[in-house]
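These are the structures in question, set out in turn.
Each of the next two complexes has chain A plus one more chain, namely chain B in the first and chain C in the second.
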Partner chain A sequence: MLLDYALDALIYTGIYAILTISLNLEAGCTGLMNFGKVAFFATGAYTTALLTTSGVPVIFSAIAGVLLSAVFGLLVALPTLRLRADYLAIVTIAFGEILRMFLHNEDWLTGGPIGIRGIPQPLYQYFDGSYLLFYLFIVFITLVACYFIAELVINSPFGRVLRAIRDDEDAVAALGKNTFLFKTQAFVIGACIASIAGTLFAHYLSFISPDMFLPTLTFSIWTIMVIGGRGNNLGVITGSVLITVFERGSRFIKDYIEMPFGLEPYNVRIIVIGLLLILFIIYRPDGMLRERKSRSPL
Partner chain B sequence: MILEIDGIKKSFGGLVALDGALLEVRNNTIVGLIGPNGSGKTTLLNVISGFLVPEGGSIRFNGMDITGFRPFEIARLGLCRTFQLTRLFRRLTVLENMLLASRTQDDSLGSVFISRKKLALHEKADAKRAADILDFLEIGHLGNEYAGSLSGGQQKLLNLGMMLMSEPGMVLLDEPVAGVNPSLANRIFEKILKEKEHRTFLVVEHNVDVLMNFCDYIFVMNRGRIVASGTPDEIQCDETVIEVYLGG
Partner chain C sequence: MPLGNLAQIVINSVIMGSIYVLIAIGLTMVYRVLRFANFSHAELVTFGAYSAYMVNVSLGLDIAFGLIAAFILTGLLGIATDVLVFRRLRQKGSGTVSMMIASIGIGLVLRQSIQEIWGPDIRWYDLSVESYSVLGASVTDIEIAIVAVSIALIVLLHMMFTHTKLGKAMRGVSDNPQLAMASGIDTEKILLKVWFLGAGLAGAGGVFMGADTRLIPILGWEMLLPAFAVVIMGGIGSFYGAIIAAYLLGFAENFGVLLLSDLGLSTGYRSAIAFIVLILVLILRPGGIMGRRENNAAGLRS
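Moving on, here comes the complex of A and B:
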């Protein structure tokens, strides 16, 4: 029982870490204020849910989710990335909410507020009894892959342009680089990675509904990035461990401890995370692990 | 003529910053642009480099009309600029700033996955070139520091270094040695003189003495117009110039 709780917490940690790596690429490294991360997570989750429940193998549904996310990413990026940074923030929040409304209202496709049940758990028959452990392994492998891809991208001439855009976009343009193209590519890669996290999420829970994709999820991911260390992928993974273990742990512990003044444990948890975020922003704005100085040449 | 600018007009609200400015720059020369504060020099550079779109007039670079081109397109043609207020990438190291300026490195997303060996090889060569330039500018020991931690003068030098790194056909320099110590400023202009063989320079500079020594030709601006032009000797004796700029 306790082991199951631990495995569950670790699986969530891995999924959130993948999401945060994708946010880190956009926001942490390129300075793109994506406040609609949850939309691309939901795209991955719903795509795989719809396809696998109609018999498509997971591997194809995962790829389909990534492609659809890339298309959504382009649709959001093309009109907004030419504008000043704040427009992207507004448009991404709006996009996240519009998508959630769509999932909520279009029953014929998405099951509406009830969502989709019976999403198959791949290879379940082979790992009966130890499925959590197996799934953790899958999540871990995916996380490691995403980590290495993100590191490869950030520590390349391409990634250097992204990090330069974060500092001064006009100065990058003065060096002859099409900043719009670079930002669009960063945004689309971010969307694709988020979709992979969504795929893992859907098959883990085996049911999904629109209220799992509230804007608060985006803000959790931002919190993890800020606390972990924006620009540092190991930092954001550490942040995911800290926040998710605390989040999941407090869920578990609330059955055993008595809250003073009859406080609702769920609220206390949100207050604590909020306080932590504020303390970090004031006293350690670089997060737990500072962005590393890049070793160059390559 | 590498650069031909004709009748450029630009206003900010009611304020007319450029009022039909025109000038021409010959290949492989160093051309000075002087004028009182607020006379429109920086605005003119902003228009040439595509950061501002003029309301009228035309800009030709190597015979091609580049009016309305976007900044990155103009830079790609080999017409590069530096900024009066230094702009560099504070959270990149000095060396990375230099590497970024190299126009020959492949910075596409695809190359990250496909041709890493080639990237690394090219990067090594670039780094060597960068180190030489930084050494010349006397900031070679700072290669691995964050650019944001440099002093104002050092940042100015780094900007110059980036310009040299990108090997453009023509460079617009907006007060490149403001705040740099006089002996180094002289050395920089000597370097620019040497580079003249390969490039063309349009330099905005308040230090008239320096310009007199190094420029082939000088344009004088006042209130958004070119009011005089000539060789340094001619400019020194020009009545209008003495009136508007040299303080009479």
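Moving on, here comes the complex of A and C:
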């Protein structure tokens, strides 16, 4: 029982870490304020849920989710990435809300507020009894892959341009780089990775509903990134561990201890996440692990 | 379309526009002066609505007192967020990115605190509503009051910006803070007044929204997208632009809803209309409809 809780927390940690790595690529490295991360997560989750419940193999549905997410990323990027950085923040926050509204209203496709149930758990028949452990393994492998892909991107010449854009976009533009193209690519890659996290999430829970994709999730991911250290992928993984242990742990603990003054644990949890975000951004804006100097093979 | 229906849509548009104006003016002022999108503005709106609830329902006083209390309390809360968070960031020289992230954090704390205090359920003000019929459309005395008070506030603000020393100082600080400081204006002091006024107006907007619909902890969050659409459409920092844009959005939403039901789509997509308006503005006129050339250039680059 306790082991199941621990495995569950680790699976969540992995999924959040993948999401945060994707946010880190956009926001931490390139300075793109994506406040609608949850939309791309939801895209992955709903695409795989819809396709696999109609019999499509997981591997194809995951690819379909990534492609659809990339298209959405492109659609959001095109009108906004040429403009001021804060416009992107506003548009992405709105995009997340519109997508959730769509999931909520289009019953014929998405099941409306009830969502989609009976999403198949791949290879369940072979791992009956130890499925959590098997799933953790899958999540872990995906996380490692995403980590190395993100590190590869960040430390490549392409990644150095991204960081330069974050630090001084005008200077990069003056050197003749098409910053819009670089930013769009970073945003689309981020959208794709978030979609993979969504795929893992949908098959883990085996049911999804619009209420699981609230903007609060985006902000938790932001808190993880800021606490961990913007621009540092090891930092954001550490942040994921801390926040998930806190989040899952407080869910677990509430069954055993009484909250003082009858406080609602859900509210307290979000207030703490908000406070952490504020305190870190004021007193330790670099997070726990500072961004490392870019490693160049030369 | 029968005349009654048309009149109803026009009336509804004017009411929504009047509420958007109040919320957007505060947002656009802070945006212009401090140069960041304050996402916690949404929760100032909600806080205003609930502080009026305290006065109106918990204390049993008239909603007019609730409105005044909401303005003052929300204004003070706006000052508190600046003193506790944003001023510290300014002093450390943090950029707009940090400000926006911090405002998200403040929003989370405020929204969940409101939900903790008043609970997630729907609440209503204690109002005695009388309904009138105008050209076949129905309008309540509350709605008339909303429009009248909003317009009165707009006129007062206009007078303040053009005729008083404080208003001129505010405009000075927002146009060019360094120059204002060099001219002997205490910018930090003016900033606090901008916060008080901006947040207070947001609180008043929240009361009106709550009186016209209902009170829920995400009341302000639901207004965030239309508020930003208005601010960007009007041109960031433009007082008159925000007024025009607010009423334009009010009309766009109410006629858009009609279009939605004609297309067989759910009217739940109402707030998608603000999103479409926002995207159109960003594509066609990123500096806003007031379209000062420097504004459009500023829209293209931070």
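Quick note on the criterion: the second predicted complex is superposed on the first by the 296 of 298 C-alpha atoms of A that agree within 3 Å, B and C clash if a C-alpha of one lies under 4 Å from a C-alpha of the other, contacts with A are read in each partner's own complex, and residues count from 1 in each chain.
In the analysis below, contacts are C-beta pairs under 8 Å (C-beta built on N, C-alpha and C of every residue); 3 or more make two chains touch, one makes a residue touch a chain.
Predicted, not measured: the structure shown is a model, and the values here were computed from it.
Aligning the two structures on chain A places chain B and chain C next to each other without any clash. By the touch criterion stated above, A:N178 is placed in contact with chain B alone, chain C being left untouched.
In the superposition on chain A, contact of A:I141 is made with neither chain B nor chain C. Once the two complexes are laid over each other on the shared chain, residue contacts for A:V71 go to neither chain B nor chain C. Once the two complexes are overlaid on the shared chain, A:D170 sits against chain B and chain C alike. Ranked by how many residues of chain A each touches, chain B and chain C are led by C. When the two complexes are overlaid on their common chain A, residue A:I98 makes contact with chain C while staying clear of chain B.
Contacts of A:I278 after superposition on the shared chain: chain C is touched, whereas chain B is not. In the superposition on chain A, contact of A:M259 is made with neither chain B nor chain C. Of all Cα pairs spanning chain B and chain C in the superposition, the closest are 8 Å apart. Where the contact sets of chain A with chain B and with chain C meet, they give residues 170. Listing the residues of chain B that touch chain A in their complex gives 49, 51, 70-72, 75-76, 80-81, 83, 87-93, 95-96, 99-101, 103, 105-109, 111-113, 116, 119-120, 123-124, 126-127, 144, 146, 162, 166. Of all residues in chain A, only 152-153, 156-161, 163-164, 166-168, 170-179, 185, 189, 231, 291, 293-294, 296-298 touch chain B in the complex they form. The touching residues of chain A, when paired with chain C in their complex, are 31, 33, 35, 79-80, 82-87, 89-91, 93-95, 97-98, 101, 104-105, 169-170, 215-216, 219, 222-223, 226, 263-264, 267-268, 270-271, 273-278, 281-282, 285.
Those residues of chain C whose C-beta lies close enough to touch chain A in the complex are 36-37, 39, 85, 88-89, 92, 94, 96-98, 100-102, 104-109, 111-113, 115-116, 221, 224-225, 228, 232, 266, 268-269, 271-272, 274-275, 278-279, 282-283, 286, 298-302.
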